[in-house]
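Heads up, the next two complexes both have subunit A, just with different partners, subunit B and then subunit C.
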Partner chain A sequence: MSYIKVDQISKTFKVAKKKSGLKEAFKSFFKREYLYVEAIKDASFEINKGEIVAYIGPNGAGKSTTIKILSGILVPDSGKCKIAGMIPWEDRKKYVKKIGVVFGQRSQLWWDIPAEDTFDLLRDIYDIPNDKYQITKKNLIEKLNLKDIINIPVRQLSLGQRMRCEIAASLLHEPEILFLDEPTIGLDAISKQVVRDFIKKLNKEKNTTIILTSHDMSDVTTLAKRIILIGKGKVLYDGSLQKLKSNYIKEKTINIETNDKINTKKKGIKKVTKTKKGYELVINQDEITINQFINYITSKVTISNIDIEEDNIDNLIVKLYQDYNI
Partner chain B sequence: MKLYFKALGLHLKAELEYRMSFIFSFFSQVLVFFSYYFVILAMFTRFDNIKGFTMYEVLLCFSIIQFGFAFNEVFARGIDKFDDLIIQGNFDRLLLRPKNILLQVLCSNSDFIKVSRLIQALIVMIIALINLHIKITLIKFITLVLMLISSIAIFFSIFVLAASYCFITVQGLEVRNVFTDGGKQMAQYPIGVFNKGFLYFFTFIIPYGFVNYYPLLYFIGKKSNILYAFSPLIVLIYLIPCILIFNLGVKKYSSTGS
Partner chain C sequence: MRAYLSYFKLKFISGLQYRQAAYAGIATQFFFGFVYIMIYVAFYQTGGKNLPMELPQLITYVWLNQAFFALICQFYKDSELFTLIKTGNISYEFSRPKSIYFLWYFKILGQRLANVFLRFLPLFIVTILLPKPYNFGMPTSPLAFLIFLVSMIIGTLLITALTVFYPIITLVTLNEKGITNILIVIADLFSGIGIPLVFFPKLLLKVSSVLPFQYISDLPFRIYVGNIPVSACIKPMIIQFVWLILLVLIGQLLLRIIIKRVEVQGG
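Here is the complex of A and B:
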């Protein structure tokens, strides 16, 4: 039995149609036209305890709606959803004790007072026994390196410092599931790294199930083994990142530095262009593996340097979006 | 309850962060309040009474309404500012916490500056009471306390009702000012001084009449029926449907998300 089971959930929003122009504004004042937007349609997936899943898709694909349904804020129009043996929107108070939610774009900390005060308030909100609270807090302070910033009013913190406090605030009650909605948005490289490392550690040590949305593909690659791609409200792909990569990244660009001339018509080599120090080649991995290619090329010419391009996950995603027409 | 007081303490802490602003706002509130007060004084230098109500009777009425309103602004500011919670999307956060929603809304905001109004309202009330020369019996004392409580309750109900309206739309919120600020302005005077239409509206639709008119009549000795003395209790009953409507709104919110 999976830990999180989402079965065919759908959710449609009714939004008032807005047209530009004063005349249209008057018209809609008297007669509203409504548009029905299917934010999410027959989405199904299952997640096991302790998994880290990245939930990706372009803006407006239905990511936030899904997170809101899973966290019990929204009730879907149809479909079933069972998480940790509970239906999220049914027993709200009991359910939310098991989950933690971080919204990257919204703060749950009080702006004018130090984060520690918010933590103390959260202890009362979640009815955490004091001794347990002190241990958890100490632990989080240590791991997220909050010691020096926890006593400063939140408004004076940098974005990265604030995000670390946000994450700590969401974990004080030691939730079994953590939802991270764009946790690294707007952070600098170091802060991103701290946040990622922490999430990884948390998953390993506490076996916390983590569902994460992000537009930052390096978040996805470093954290999640599994991704769920959503577009136009539908689940388009659900599986390992590795598989997606090998399915989608067929062409690879390789740079070779050499003084010799390359003049080849070998199958699998798609493009050869002369560069300053050598050549740039594009190969199709279906027809020739990198290994085969290197064997072949070294038999032909003497190379002084070789540079194989990293898989660019951003490009992959763009391509995916194009292929699925989302 | 402990949670509520803790949140209140934090609001105070946050507000005191801006010390000068706090001091200035506090004193500007004093001035605003006295401008209301002087309007009444000025009126009574022209007229001896309004429809049989003397100045101190009106001031008593005025102070009770001001007290209830200011009390809500200090202790239930969150519900007054509920539209902000919805618009900024912070309401979602409340749904993610294992506590009663209305309680959390109350915890979400507080306006300590208005403590100054609370104090002033009490001062005016005491001045009015001294000058009214009423022999305060036990029942009259209870009536007075009930009036204060019902004044708090009525504004709270209206704030809750206005907040529930936010679940439908956050547009056109000015409407609610008719009932809160408008109602407050009206209710500062004994409702009986206005025409019958107002009296009925503020008795049956929004029961301001039970806060400051019917009990006032008993208190100042114009009516001797004991029912008048306990009429503020009706306002407490009025609270129940208001809270129910709010809870209905919360339910509806989770199915629309807007």
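Here is the complex of A and C:
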């Protein structure tokens, strides 16, 4: 049986509708109109123990809502959900001991005091035996490189430093499942790298199940083998990133530097445009493989350089969102 | 339990950082204390009859009100809980394996005690030394003082239980102003923090007798000054304790209902 089983959960929010302007404001004083927003609609998926799954979708797609339901914070309107044998919102106190949550846009650290004091507080909140706590803490300090920042009041930390502390704070009780809601938001390249490496290692060493949302596609590609795409509250795609790529990236752009002229009508070559040093060609990989194309082109012209466009996951996602109209 | 005490401790320690606010608070409390007392002295001197409280008792009552103001007033200065709710940081609070009600309860208790801890001693020291009739009086007997302490502790727990309702309501209204402000005004009026309850007309006294607010500070303070004799304080103290239990239970129930339909703000 799957470790995490989500079965057709839905959640609707009631939002007060207000038009701008004084008159409308006055009107809404007497009569309020409400808008019902389906944040999540009949979402179903299963996740096995030890998997890293990226949960992606545009802003407002329902990612955070799902995470909040899975972590027992919100109660769905309908649907079932069973994680590690428990229903998150019903067995809340018992369940949340097994999970760690990091909300990238929020903070669990106490603003005025050093992170280590918050850690001590969490030790008490999660009833962690002190000797075990000391070992876990030491381990996390080492791996996330927190030694120099753990004794500084949190308000004086940079975003990257704070985020590393946030992640450590969420792992003190050694959760079996870790929810990461945009853990790298606003971080610089090095901080991102540290966070990613750490998450990878954690998954490998402790077999922690990780569910992550991110708008940074390099997070997704480096961390997750499997992605779940969500848009307008619905699950649109669930499968490997590789498959999505090969399904989606059919067309490839290739730049060729040559002094010769290219004038071809060959099947599979969709577009030929002249550039400064040569040509830019677009090929359809269903009709012609890269191998076939290179064989063909080298038989026709002498090329001095060739540049095959890298599969850009960001472009892919943009295309995906456009195609699903989300 | 250890978790709740840690919350309490952290809140208490960080509350002690706000010394400037405490100095300002002390000054305000002195000012209001003197204004109230001068008014009462004027009243008593122009010959009121059948007054429900003797002047020295009343003056001590006023100083008690002022000294413990940060503890017993409804208005809860610390905006941290409200900010948590308004910004959605409350998500973290919900993902802890502990009772959210008691996490909040002990946060508020820690904050309130820190606030009062910084303020009450200077007020007592100065007002004890003031010339008569402005001075702060001693308790009528050691026993009365002991009973006052017990009642004061229950009162402190009671005001905390009442304060937890404000963030609970804010979970629904998503703003700590509005309805909570109305409740605060009503509660402050009936707690005797402005005008001592003994001066209330009969009708308002009747209303106040079915509300919990007089058991926050009015009861312990009247025991201290001797307005309620030791022999008559058992019954009101039992009611005080029952209110405490009742409010804690209602608070927990209300929070449980609200959490089921809560919406978390932002992202």
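Note that in this section the second predicted complex is superposed on the first by the 326 of 326 C-alpha atoms of A that agree within 3 Å, B and C clash if a C-alpha of one lies under 4 Å from a C-alpha of the other, contacts with A are read in each partner's own complex, and residues count from 1 in each chain.
Everything that follows uses one rule, which is that a residue touches a chain if its C-beta (ideal position, glycine included) is under 8 Å from a C-beta of that chain, and two chains touch if they have at least 3 such contacts.
Remember, it's a predicted structure, so these values are computed and weren't measured experimentally.
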{"item": "Which superposed partner A:57 touches (first subunit B, second subunit C, both, neither)", "value": "neither"}
{"item": "Contacts of A:72 with subunit B and subunit C, given as first, second, both or neither", "value": "both"}
{"item": "Partner chain(s) touched by A:125 [first = subunit B, second = subunit C, both, neither]", "value": "both"}
{"item": "Touching partner for A:160 - first (subunit B), second (subunit C), both, neither", "value": "neither"}
{"item": "First, second, both or neither for A:175, with subunit B first and subunit C second", "value": "neither"}
{"item": "Subunit B versus subunit C as contact partner of A:117, first or second or both or neither", "value": "both"}
{"item": "Set intersection of subunit A contacts, subunit C complex versus subunit B complex", "value": "13, 68, 71-75, 92-94, 96-97, 99, 101, 103, 106, 108, 110, 112-113, 117, 120-121, 124-127"}
{"item": "Parts of subunit A lying in touch with subunit B, wherever the complex brings them together", "value": "13-15, 65, 68, 71-75, 89, 92-94, 96-97, 99, 101, 103, 106, 108, 110-113, 117-118, 120-121, 124-127, 153"}
{"item": "Interface residues, subunit B side, partner subunit A - complex", "value": "2-3, 6-7, 10, 13-15, 17-18, 89-90, 92-93, 95-99, 104, 254-258"}
{"item": "Subunit A residues within the subunit C interface of the complex", "value": "13, 64, 68, 71-75, 92-94, 96-97, 99, 101, 103, 105-108, 110, 112-113, 117, 120-121, 124-127, 181"}
{"item": "Contacting residues of subunit C [partner subunit A, same complex]", "value": "2-3, 5-7, 10, 13-14, 17, 87-89, 91-92, 94-99, 259-264, 266-267"}
